[in-house]
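What follows is a set of structures for review.
Here come two complexes built around chain A, the first alongside chain B, the second alongside chain C.
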Partner chain A sequence: MLVDLPGFADPVRDAQACFRTVLAAMARPGTVHQAGEHLAPPAGLHRATAAVLLTLVDGETSLHVTDGFEVARDWIGFHCDMRAATAGHARFVLAERMVDLAALAAGSDEAPEESATLILQLPELQTGTSYLLDGPGLAHPAPFRARGLGEGFVAAWAANRARFPCGVDLILCSGTQVAALPRSLRITEG
Partner chain B sequence: MTADAGYNFAYLDEQTKRMIRRAILKAVAIPGHQVPFASREMPLPYGWGTGGIQVTAAVLGPEDVLKVIDQGADDTTNAVSIRRFFARTAGVATTTHTADASIIQTRHRIPEQALRADQILIYQVPQPEPLSGLEPSRAETRRMHALSEYGAMSVKLYEDITRFGQVSISYDYPVMVGGRYLMSPSPIPAFDNPKLDRMAALQLFGAGREKRIYAIPPHTEVRSLDFDDHPFRTTRAPHRCHLCDADGSYLDEIVTDDRGGRMFVCSDTDYCATRRDGGHAGGAA
Partner chain C sequence: MTEPAAESPTAIAARQGWMRVLARAGLDELAGALAACPALPDHLVLRGPQTGLVMLRGRAGGGGAAFNLGEMTVTRCTVRSAGGQIGHASIAGRDGARAELAARIDAALQDPSLHEVFTARLVAPLRAAQEARTAADARRAAATQVQFFTMATMRS
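Moving on to the complex of A and B:
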């Protein structure tokens, strides 16, 4: 059974360290941080992705795992006490290809926090398409590069940004790298 | 320092920390918006910083250096108790020096020394709802935030100006965060409001009794409400610090006898001590 593969070696410290990483990434959009170096997740799941899941997901929230994580699904279910939900209702969505942001929970004007966080596993960060980020957390517009966000990403993000304060937040994971794109961000091709 | 046995690291259980961490991330993504969270009962009463403590507990790691201030002072009961609480339950190093701290929990002041990007400032918040004095219904204020309907607050400021010639709010002065959300900066003096704007450090706010967490990401625009013809102004006591001679810091007035004697000293004790160590001396020397 794949659930034999361990989660965090030290659940308290490792989750705290990973949370601070995600917090730094969310507070300073586009900055790339390290997470999950010591994890040994099942095939198909990058170490950073596994660390973010172990840190944020549990039975009190909901997770939708898109196609492509068949091997890792049992591991996620066991270690994250996963409560599954449909893509449109889940508070966390795990994907390895860009999904339609408009189809995910965006919260309401009164409760914009009841929105999805998309944990997107990408082939590469810091290479690939160039973007320019601007918004809260950034003193100046900052360059950002990622591979795998897809052709129509800038337009899809503009539509996501237009719904502010509603909208979807992104946590990008690749290998042991983590970056985040909160909904408050403006993104242009750079 | 090692933590007392029998506690989970930083007191809270891991399930609770995950819940708070999820709320913090949403708060950072929506600057100024109050995110509800399942505030826990803490081993000290509401009003003593339970919200700030829960946020600190969810953020704190073994390598952090914690500073806690109460009205700027490191040595008042609330600050000492909270510092000792985390020293006991998390075994973290504590400090009184602003520059040495990685996490600063504060009650009602922002340190005089500018904070850095690698620091996190965590506020204890008694009343997170800036509209609470104008609209008693929380259902209604939630709707007002949803619609960005903040005219009532402008009317309150306007009425102050017509009655007193100026805005009569000296602390907890309402601010607009990122041009979208009206936010209570917690009861910091209006003197501190300019420090909120585009601060390099991440700012997190925790209200335990009211069960709300909110945040200001680094470098985010925070504007104190005002009018074109009545711009926001800070005030401070027109004195120099009696101990360190500072003329730009926020001052506390201390009554020294029953014959009208009083002196003014820096509210930020670390700032004052650092200046005195550097050779500055006020009227007391």
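Moving on to the complex of A and C:
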């Protein structure tokens, strides 16, 4: 293993700031926030994705890294103390393409917090396919645009929403931008 | 000089050997020994220094089952030196400066152009001092040792 790039310059403060950002993104679904501007992650990993991983993943959470992060895998393992798990059991899943939401841990009715959070790295936010978001955190239905969520996303999300309070939460990262789609959200194409 | 391949068992054992010496040396000892060496290369901190707890496990009794002895404070640090070598250090206690210095020296020891001078002027004297300390402790302890003999042994 050869890791030659640093993580957060100030791990405690930077992780707290990024956690606040993710919290805000979750509380106001679809809003776009900035994260990881000062990071220099390895090839294949966007700065926002790296910041979210450094913030949320540690030795006590499990992470599943899907194919496509070969260069970054060692960096993630080193800086996040990564505990690897299969896609169906991991608390966090990192992917570049939409994965089958039904195959990820959804939690149980007694412990819905034991579900997976999918960290999805997209080519672009704020451009591409238009969606309409509605649900907790939004006073009115709000437009949202993202590129790379895939063809069957709205249907897959409806199935995910139907399992509430179980289900998967989604954090979208692109460049230095972060947005979140919590499981309580209703998404239609618009 | 003949540097063994980085991943060979002898190279790993050699590196473990000097990392052990660096981890046991105090900050003053490291700084004192460095005065006799060429300047350390510039470095970039990759991780830490960060302090955490490590569970120490022990074995006792005939069964030999492992038990948790207690937790120990450990500080670790990883640096990349200007030559591209990655240095690691894990030391007992909370002294971040000491961990960072030990990691920088570990990186320097992996640099073929610095390896010999750092081994001769820094690792060797520290190792000798540590071995002398251990031997002195062992002698002091040996003086207090009590030998138990069973009746069977005494009769024979």
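By definition in this document, the second predicted complex is superposed on the first by the 188 of 190 C-alpha atoms of A that agree within 3 Å, B and C clash if a C-alpha of one lies under 4 Å from a C-alpha of the other, contacts with A are read in each partner's own complex, and residues count from 1 in each chain.
As a working rule, contacts are C-beta pairs under 8 Å (C-beta built on N, C-alpha and C of every residue); 3 or more make two chains touch, one makes a residue touch a chain.
Since the model is a prediction, treat every value here as computed from it, not as a measurement.
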* With both structures lined up on chain A, is it a clash or a fit for chain B and chain C? -> fit
* Asked: Once the shared chain is lined up, is A:E124 touching chain B (first), chain C (second), both, or neither of them?
  -> neither
* Asked: Between chain B (first) and chain C (second), which, if any, makes contact with A:P11: first, second, both or neither?
  -> both
* Between chain B (first) and chain C (second), which, if any, makes contact with A:L138: first, second, both or neither? -> first
* Can A:E70 be said to touch chain B (first), chain C (second), both, or neither? -> neither
* To do: Figure out whether A:E110 sits in contact with chain B (first) or chain C (second), or with both, or with neither.
  => first
* To do: In the overlay, answer first, second, both or neither for which of chain B and chain C A:E37 touches.
  => neither
* Check whether chain B or chain C contacts more residues of chain A in the superposed model. => B
* Aligned on chain A, what is the least Cα gap between chain B and chain C? Give it in whole Å. => 9
* Structure fact -> Residues on chain A touched by both chain B and chain C 11
* Structure fact -> Given the complex, residues on chain A that touch chain C span 2-7, 11, 78-79
* Would you pull the chain C residues touching chain A in the complex into a rising list? => 44-47, 50, 78, 80, 84, 86
* To do: Show which residues of chain A lie in contact with chain B when the two form their complex.
  => 11-13, 15-17, 19-20, 22-23, 26-28, 55-56, 58, 60-61, 91, 108-113, 115, 117, 136-139, 164-165, 169, 182-184
* Structure fact -> As the complex stands, chain B meets chain A at residues 8-9, 14-15, 17-19, 21-31, 33, 35-36, 58-62, 117, 142-143, 145-147, 178, 180-181, 198, 200, 202, 216-220
